Amino acid sequence: MPVDIEQRASYEYGDSLLHLCDARIKITLLMVYLITTALLPVGAWAVYLLMGGVLLIVAVLSEIPASLLLKRALLLEVPILLVLIPQIFLKTGNFIEINPWSGFAFSLSLTRLERVASLLVRSWLSLQFAVIIMSATRFEDVLAGLRACGLPRMLTAIFGLMWRYLYVLLDEMHNLTQARRARSSTLQGSFKQAGGSVWWRAQVTGGMAGMLMLRSLDRSQRIYQAMQARGYDGEIRSEAAAIPLTKAQYFSIAAFILAGLLMVLLANGMAA
Amino acid sequence: MISINDLSFAYDDGRMAIEHVSLDFKPGEKAALVGPNGAGKTTLLLHLNGILRGQGSVVVGEQAVDDRTIKAIRARVGLVFQSPDDQLFSSSVFDDVAYGLVYQGEEKIVIREKVAQALEVVGMPDSQARSPYHLSLGEKKRVALATVLCMQPEVLALDEPTAGLDPRGRRGILNLLADLDQTLIVATHDLEMVREIFPRVIIMDAGRVVYDGETQAALADRALLEAHGLIG
Amino acid sequence: MKAPVPMHIPDGFLSVAVSGILWVVSLIFIFIALKKAGKEIDESRLPLVGVLAAAIFAGQMLNFAVAGGTSGHLLGAALAVLLVGPWPAVLVMTSVVTVQALVFQDGGVLTLGANLFNMAIVGVAVAYFVSDLFKHWFGDKRWATLLTAFAAGWFSIFIAALAASLELAFSGTSPANIAIPAMGGIHALIGIGEGLITLGAVSLIMSSKPQLLEKKAEEKVGSSFVWISGLVLTVVLLIISPLASSKPDGLEWVAEKLGFLIMAQDASYHIIPDYVLPGIQNEALATIMAGAVGVVIVMALVLLLTRRKTSQTAKH
């Protein structure tokens, strides 16, 4: 898995305006921001800057330390970016020939370069916005918000269970890998793995995965028994009921959507 | 209160986990269930409120455990599992303690009240908003107990409540158990606790009951304890 | 400690149309899975799905060096299929991918529909189809079960990556002749890791709890839909991908006609793109070379990045 859980471990405690805001509002705000960003045309740099401004305002509202946000800001999906890069060397659109020394030349497509750069900026904005919103919203509230927005009961329950057991199993995982490391002498910082062929290493790793799966199957059976013991009868019940949105909240949702539309129109107007 | 008559049970793989077990428990009685690992203690406890159903009969009060009575019986017999990680599956302590009450169809205000009360009893009054994952093992075990206490069952069946605890955590649980006035059936390896709290002890080995009687007499009988791996 | 897998598509990389369509497709599939899981399968599946999803999430932390710094690790779709059957596996993978996107921003929110499609639907359907086919062909001897596990793992990754690269190409993010060979190439390698771990896990489970792997007959009946989806996805993606990567303009043209691309300035589709690779005039050869160059660049950079990451982790 590409992410470092500890590094991105989401929620940051706080009581800022953004933290206190209703999860449903935050989810709509996030969706509007993401859709708007995705709809912006290539090369609308001024509007990207505006969107960056919105990002900055929300970041300030969240009162999350800048250092922390900056640390998370460097997280980009690196490998998938690499799929993007080669296209700037295509002889497409507006391109220039670069001839650094005789006998070797390559072309650089300015059109593609602008396109790739635009994409990176928009992708970064989206990621950062999601990071900030999720840093200021507890997972339980995200779930309750999604439930209120129509997420089926069963999925809500499954996500909740998964969230709860994620950390329990990550701990077990950690213990397993530590036990493995304690028994194998890997040269640190090098790729030369001591101890066996690829085949053997795969077997060991697979065995650990299998062990993890077996344990979780057993555990899920015991959890089910514990649920039954307290009266679970196959129906999912919960005592959380959604409070209806106020007029002001509806109004702010409408305002977000309008602002998003404006941004898209503005960007397209400027491009034309 | 509970009467078990000639109960036998085999898991999927076909081996008998308990065989021909017959036991009676009087209301308010405190009984300990001891025996080596794999003796069948957990399996027996799982029969007390119908999680498992073997051959033979289990009667709670005047109700035999069957499909019709199961809901009522689960309200009367509270079961606490050995690992609190299995018992606590919600994302906050409040949700976990409230779980059983929600299924009993209680009013919201009543639920709040009972949850607060149960957490008070186990000495965890300020933990409602915390995630069970972030509690210490001792705290988890207390909350696990609260998830069942709040339903005010007549019988409490606990699986190894002191296993893995440090001395202070263990003492806390011991004091708690000593103060309860429900019928208590507790599976354990903690002979010190048995001596202190439980007048009656049942020794199991290989799925069978090999001793059922006074704790004092059993604990004084070294040969008996050694034969069933209770002392090293 | 972790190697990057370019399977989770971030926000901004897919056009709104592609994201939207795949959201709808994924929601339909998940809806059916919920119905099936709620009806056919007893309710004890609820904790099963949740805890297994958490376990697969945690299992994705496991990796091992394959060769030259690439590491193999788990996506988990195949393992989930082999353990709990296709419909619950769809739910397991849905939980994994969704929580990764929502909480860890691993993969976008707007692109979540596409990521669900690739990993929870394509991954699961292909793994199910392949494992069923292999079981049919080779029976359930020990070596056959292990081979099945490997194949289900490899195909689920490879075909899912092809789907992802087609989505990128359709969105105009990366031309098909770069996206498909690059994504396909690197995932053909990553798939080996997936296959081997799946195999190792199945081998352990076979020796400790073999009854888990014996699928019940009634589970298969309700799953023919998944089986057929797996067949169609495998065949179609295997045919479309090479076609699309040899005619990248064709795909962009189609995408533009369908209104998938909103790119005002880029009016250069009529220019045949090719790499300036000295001496290569042949168009077909240039296309293949282009793909190869893409793969090499991606691989080299991934190696560099993993190397950096590994040495960083080692210091801790």
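For reference, chains read A, B and C in written order, and residue numbers begin at 1 within each chain.
Assume a contact is a pair of C-beta atoms (placed from the backbone, for glycine too) under 8 Å apart; a residue touches a chain by one contact, two chains touch by 3 or more.
Fair warning: this is a prediction, and the values are worked out from it, not measured in the lab.
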**Fill in**
Of all chains, the one whose CA centroid lies most distant from that of chain C is B
**Contact-richer chain pair [A-B vs A-C]** = A-C
**Prompt:** CA centre of chain A versus CA centre of chain B: separation in Å?
**Reply:** 42
**Item:** Averaged-CA centre spacing for the pair chain C and chain A, given as whole angstrom
**Value:** 18
**Prompt:** Tell me, which residues of chain A touch at least two other chains?
**Reply:** 139, 160-161, 163-165, 168, 219, 223, 227, 232
**Message:** Please output the residue numbers of chain B that touch at least 2 other chains, ranges allowed.
**Reply:** 89
**Complete:** Note: chain C residues in touch with at least two other chains are 47
**List of chain B residues in touch with chain A within their complex** = 46, 49, 51, 71, 74-75, 78-79, 81, 83, 85-87, 89-92, 98-100, 102-104, 108, 111, 131-133, 147-148, 151
**Prompt:** Contact residues on chain A for chain B in the complex?
**Reply:** 139-140, 160-161, 163-165, 167-168, 219, 222-223, 225-233, 237-239
**Asked** Across the complex, what residues on chain C touch chain A?
**Response** 2-6, 8-16, 19, 30-31, 34, 37-38, 43-44, 46-69, 72-74, 79, 83, 91, 94-96, 98-100, 102-110, 165, 168, 172-175, 178-179, 182-183, 186, 193, 196-205, 208-209, 212, 262-268, 271, 273-276, 278, 290, 293-294, 297-298, 301-302, 305, 307, 310-311, 314-315
**Item:** chain C contact footprint on chain A (complex, rising order)
**Value:** 1-5, 8, 10, 30-31, 34-35, 37-39, 41-43, 75-80, 82-87, 89-94, 103-107, 111, 114-115, 119, 122-127, 130-131, 134, 139, 142, 152, 154-155, 157-166, 168-170, 172-173, 177, 188-189, 191, 193, 198-199, 201-217, 219-221, 223-224, 227, 232, 234, 236, 268, 271-272
